[in-house]
């Protein structure tokens, strides 16, 4: 296969839009990033910013009204969108798997939970026999902290946390190179969320798997990921090592997002109120999409999309970055 | 689960009791009381009238008559038919109920299968002329004026093409000189059908134990073999020709009933599928890389089936109603035609008996659907 | 960033309960219990009971904000619904004392929740309101913003159309939706989540209640609109003198919104203290676990593993011992053999229900 | 899969009203709003080919129904053209094939088929719409009340509905019509009552139940609304679209039931499509095949067309009412 030092995933200039009654909604615009093998990438942003659309693009699971207007998604150097539907089908789960947002509804209510995982294992011929497949599921259950006996149960007999674990076990079932976790803990209570985050991180390190963790919860992303990208209005506005981004945010949006997040530890610092609403993506504002809400906006922000400012792997798309160590690239 | 079924069955028994009561008072409520219909009927000899008076307590007050009627019904004494005098109502119905059952069970099974199959196909490949055409023609058939449609079928397939007989249960020319009765032949046909279905179910169960990896190709030859054995047995028995005659008479009514009732299931399946397709587990199934057909059949259609099974009650009752019309057009001697003749000749005991049987039939359908639903939905099974 | 003036200010700046008349609390809850029957039918007796709220007592001062925090299923929303009389308690009493008591049973008499019905219920509804969690589902999608906000006025027969329109326009401006006229004839689905939740606040406040139960009003909002709604609620509390019972699962949000916090576990209040005291010095093992489970946005910081076992138990017919026993890291013989510990004041103003503290 | 719909800032205030002093403008603004929501529903309805086709058919039949009294008053001589008592003396043989004078020929009793057809159209509309109104009136009320109050009331109505569903309607109507000599009005009433307390009530009740548990019902109670307010302001308006849908289906089944009963000669009506076919059938003309087509085709096709038009209108309406069935996401 390819060199281990090559990125596992390259997203290059991805743009996606949806045709709706209200016109064309530009869900993703010119998103590019790379993901190294064995590392954890976080995508942060508010609802409607395009995080989930990016995930669906990677899986190539798009609704009928979606249109890929530009860009490529390279998985191990292979363009996902150039594969035939059948080739793509064989890539799914084997190469990229996904933990869906609504774990409650991801398990089919009429089949036993174990059966739904075995189904994926058999489709991709990961194990030669039924017995081996069952043993594999039992192993996965133990890994995510579930009693293997629960395989024989139906989804409605599981609690929310158990279902989420079963869904994670399902995502791991075919040893994927990349797992996308889309808001995996949103509906869960903090104590359960804490456990699942710990297990996810432990498993990722143990299996040396890559992971893309999508969430609006900055705290969870900060704890789980190595690299983080911040999305706003369909664009990736800032990206870098998690520590860099969260300690010295460069984009005013990142900074605003962080300071509007209440915290229970440390001093009670005042929260920032971000005025206004995210833009309508069927009619986005010209220039930087954040300018109507940005305190630092100037005329240039209102007319031209900002270039990248960069320092090492940390970059932001802003005319007036808060972190001055980031410099414009030629 | 058992508790649920027991409760449902209990409700059904109660419903049946209500139907008996309802029909009784319906007949009571009409101008001229129940008694006068018996007493004034000129066809009846005087001693029979006395007998009826005694048996039904017609000189007693209404509530006593009702109790007597209830007791008679529960002990299977449904009275004596005027039109088929002196045959008891129960005897007449015992002959006719199986004929209706065969007609409408076959038609329902076939139309449910076709409707489900087409419905999931048009929902999966949405848009285009196929969906449009299937929906329009489905709606046309579903709402077609059944008698006219049945007559058209007769005209095309019986008169113009001459493939099938015009109507009735059997052809007297074929049966002349036969030393067995039609009921005997028909009864044996039912037995063979039941035997074959049991055999098929056993084969399916047996194969399922070997797991999913046993191809379903194995099942087909075994089932075909079983069918062949039955056909050969009938041919050797000497009454195969008579059975064939009955089968020939069955084809057209069954086909007509199927055509008018499959569309309901089809359109419902389409809607149910369209809702299920949006469920997250269908997307998850696709994400898992399952083949398209497996996503459609095992995930989308399997769940879409649940509301359709619930509505199977409607389809069954639609088919019972439809069979009344079909029987009258095809002169098929089943419960429906019996009811119609009884109504026309004011043969009240037979009317009440036929209603009772039709009601029982639809209640049974109800219970069967409940059991099926419990089997299909584990969420109910474990309550 | 801009608009630092809108920042939620520290609620501690005000002394809780300082506006209380004669030192009497606005709401006094004593021994509140709500059991939900399980497996009951029209003709069947319930086989068991869910102990949603079990012997809960607390007080809430005028203008004070009390946070009710706990995991889903702990009974916090049930407490809120009992207070606004959407549910009737199985046992226990709730007593209200409103400051501007002109319509009360008799002047200065407390309102016993159990005795409020009929016409009294109507005037009760003018004093106690609720803000619901889901800004999408808590508004009838077929009605306009005007209909939604003016509903309390119109069902209570307050004023004519012009009066109601004026009040609605006024409150819309107050909750920061301007120009107010542009919103009147819109439907909820045309607004964003944050705007909708402002409408929900406007609906609750349009009749100027003294007490509002806020059931997770920000949990379904995005981070950026959440802060706005939080600071709006605080500003209005100060301006209109409203007391809040703030039901939430998020301790961090409660920290910014509430003077005091009560932590609930399986129908019981296990700890109640001033906000900063509770966060800095949690005493109950459950509160400790809850606090250490919250992820922090600071990648340099490592927090400790929450010390708790197993999953949330069901509140169906719980055994007579501490509710937290099965999951407690500090459980002893005593906890096993004694009934659920009573809630006691361990340090001034800091109440805990635990034998081992 | 749902499309993320970005919500932008409120666009230009199209509905800003200066309220002035007076109700008129207020009411006007409201009417404009209703008109707008009607138009958007209408748009979806007309977008479906089925919707357009069915509406066209229904309007065509309505015009036919309206044409009959006009023709009788101004064009046709009652002695020849009355649908029941007329007789065409200038035909040698009855039934006569179509001619200029009788565009659809005459029936075995010498009456004009076109006149019969048009005359019957009106009764079919009256029957269908009466039955539908009765059904929907009862079902909406029963559904809302049973769902709202629950308990015994609910149990009673739902058992009743189960009972009615289990009754085979046609068989029951056959018995009823034989015993009581039904006319059009009673028939409409019976069909309406059976539908209203039967299946439609169950469907509307389950819809009402899903409304009843919505938080906005609790919000209305907290606002001070009583049972009456909640049922009529919050629950019933949500049932109306579905009720309209079932009105369409009731029209279909009413027309169908009438036709079947008339065909079997069990109804006490002057004239109807079913009676037209009944007349032809008792005369033995039906099995003559194409030779006497005008005796069966106009009436049979009318029944089928009008029934399926109402049925398809219901289907198209379903797509307006149930967004999950729509093709495009908005």
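By letter and in written order, the chains are A, B, C and D; residue numbering begins at 1 in each of them.
Going forward, a residue touches a chain if its C-beta (ideal position, glycine included) is under 8 Å from a C-beta of that chain, and two chains touch if they have at least 3 such contacts.
The model shown is predicted, which means the values in this text are computed figures rather than measured ones.
Note on connectivity: the fewest steps through touching chains from chain C to chain D is 1.
Chain centre most remote from that of chain A: B (centre = mean of CA atoms).
Rounded to whole angstrom, the centroid-to-centroid distance between chain A and chain C, based on C-alpha atoms, equals 33 Å.
If each chain is reduced to the centroid of its CA atoms, chain B and chain D end up 28 Å from each other. In whole angstrom, the spacing between the mean C-alpha positions of chain A and chain B is 54. Counting partners per residue, chain C has 192-193, 195 as the residues that reach two or more other chains. In chain B, the residues that touch at least two other chains are 283.
Shown for chain D are the residues in touch with two or more other chains, namely 1, 7.
The touching residues of chain A, counted against chain C in their complex, run 46-47, 159, 161-162, 189-194, 197-198, 216-220, 222-223, 242-243, 246-247, 252, 255-265, 268, 270-275, 277-278, 295. Across the complex, chain A is touched by residues 1-4, 6-10, 71-72, 192-195, 222-228, 230-231, 249-253, 255-256, 276, 279, 289-301, 303, 305-306, 308, 311-312 of chain C. Interface of chain A with chain B (complex): residues 59, 61, 89-94, 97-98, 100, 102, 105-110, 119-120, 122-124, 130, 154, 156-157, 170.
On the chain B side of its complex with chain A, the touching residues are 211-213, 279-281, 283-292, 294, 298-299, 302-303, 306, 376-379, 382.
Chain B meets chain D in the complex at residues 11, 15, 18-19, 23, 26-27, 30, 126-127, 132, 135-136, 139-140, 142-149, 151, 154-155, 159-160, 267, 271, 274-275, 278, 283, 313-314, 317, 320-322, 324-325, 328, 336, 339-340, 343-344, 346, 351, 354-355, 358-359, 362-363, 366.
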